[in-house]
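Each remark here refers to the structure printed beneath this line.
Letters A, B, C and D mark the chains in the order given here, with residues in each chain numbered from 1 onward.
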Amino acid sequence: MTFQELIKLHPQPTAVDRDTLLRCIEECLDCAASCTACADASLSEPDVQEMVRSIRLCLDCADVCDAAGRIVTRQTAPDLDLMRTTIQACSTACVVCAGECDLHAHHAHCRVCAEVCRRCKQACDDLLKAIG
Amino acid sequence: MTFQELIKLHPQPTAVDRDTLLRCIEECLDCAASCTACADASLSEPDVQEMVRSIRLCLDCADVCDAAGRIVTRQTAPDLDLMRTTIQACSTACVVCAGECDLHAHHAHCRVCAEVCRRCKQACDDLLKAIG
Amino acid sequence: MTFQELIKLHPQPTAVDRDTLLRCIEECLDCAASCTACADASLSEPDVQEMVRSIRLCLDCADVCDAAGRIVTRQTAPDLDLMRTTIQACSTACVVCAGECDLHAHHAHCRVCAEVCRRCKQACDDLLKAIG
Amino acid sequence: MTFQELIKLHPQPTAVDRDTLLRCIEECLDCAASCTACADASLSEPDVQEMVRSIRLCLDCADVCDAAGRIVTRQTAPDLDLMRTTIQACSTACVVCAGECDLHAHHAHCRVCAEVCRRCKQACDDLLKAIG
């Protein structure tokens, strides 16, 4: 995707290691889209009654990843406390959502969604470490 | 607004004290809209150059309030860890944004925005206490 | 809510009649929150299997109302074409969502959600007329 | 990104040609992230005063692309009218935003952002044609 190239054109240097940052943004975008798609796929499953908690947590995770992705994308005058708690919330949402999707691994979309969530959690944790 | 009436019609009881919950949702909505409006008003100020950090933090705060408002609105199968870290992020975003808006109190919209942020922070902290 | 007071403090006059504008913003916020709450309430209903289309359209409507609410809130250098097509999309989403919620009027939250959607559609149509 | 793989695992076939759909989702995500990054980069430019309209329209375009991306991602029980007007709004937002970014092509991020917007507009128009 082109947005990464665009972020490199920002007039100010990033506050933290740029590769760690770019990876976190990308994983937040992928996780938001994947959770939106997984919630929707679960809605179409014959056993939707069993998928209720998974749908709810995928919706939550998509919303947090969306917010975190936007905030981490912005390089102008960042506030590290705000960034930190937001990324922390995103990391937690990803863990919780992955844990629930694991319980429905007979649906391939849940299996893939859990993987994406865990990758996003790792990218968030790496960025938290880089922020210090 | 009608959404509060609607939340009371949910088939399941809320996981936490309902008035505290409803107040947090309302403040998140008001703060998201207020931060969007304040960022935009700042963009139109003759001293926009001085408003850059305020604009950026208002955009961040709007995004976090939006996500928190949606998550707190959902009553189905909530995860308290996910709720807690998201509300914590919202509380932090509100404090940081209010602090910056205070520095521009000669603009009435910044003064009002700082008040809304502080009210939202209080509502988040009250909900955090209720969640335990 | 305070955001309306804040919008009145914008350094530039609104491009269209202010009361029509403020009402549209308020209805978009209320409709976004109501659709988020209705989708979530439907997820908790024993007949969730019958509610799938309603859930999906409530999620869509919440997303469009959110975007429309933000865009209409901004008064700086607006583009009327962009505003017009966005409000048109919001009006359509509200009609479609209300129509589906009507089919589930035995659930009080669907009945209330349909009313909110229709009120939002009206506010959007009034703003479209004001824009010309 | 993995979300595309996940969408292919949906239990129901897509309502329209899948490659056209996937391309539109991807372009909406890239455009939303690029507009968020471009608005932020413009905020950091020494000539921010000249960038006000570009910032505002990038914020609008990001919000519309976000909503359109989510709606097009959902495959369960879609409503074609709702999809059509939303994609139409997205196409319009992209044209308007690209046009403004073109005026600031001395900033490389504006040049790249305009390209991404035009690619997203094309993907929206192709999907509109596929929907009919």
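Following the convention adopted for this analysis, contacts are C-beta pairs under 8 Å (C-beta built on N, C-alpha and C of every residue); 3 or more make two chains touch, one makes a residue touch a chain.
The model shown is predicted, which means the values in this text are computed figures rather than measured ones.
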{"item": "Chains in simultaneous contact with subunit B and subunit C", "value": "A, D"}
{"item": "When subunit A is superposed on subunit B by its C-alpha atoms, the rotation angle in degrees, nearest 5", "value": "180"}
{"item": "Selected interface, A-D versus B-D, where C-beta contact pairs are more numerous", "value": "A-D"}
{"item": "Equivalent interface to B-C, taken from A-B, C-D or A-D so that over half of the residue contact pairs match", "value": "A-D"}
{"item": "Centroid spacing, where centroids are CA-atom means, of subunit A and subunit D in whole angstrom", "value": "19"}
{"item": "Separation of subunit B from subunit D, taking each centre as the mean of its C-alpha atoms, in whole Å", "value": "27"}
{"item": "Residues of subunit A whose C-beta touches two or more other chains", "value": "40, 43-44, 52, 56, 59, 66, 70, 74, 76"}
{"item": "Complex contacts: residues of subunit A adjacent to subunit D", "value": "1-3, 5-7, 9-12, 25-26, 29-30, 33-34, 36-38, 40-41, 43-46, 62, 66, 69-70, 73-76, 107-109, 112-113, 115-116"}
{"item": "Complex contacts: residues of subunit B adjacent to subunit D", "value": "40, 43-44, 48-49, 52, 55-56, 59"}
{"item": "Sites on subunit A touched by subunit B in the complex", "value": "52-53, 56-57, 59-61, 63-64, 66-67, 70-71, 74, 76-79, 81-82, 85-86, 88-89, 92-93, 96-97"}
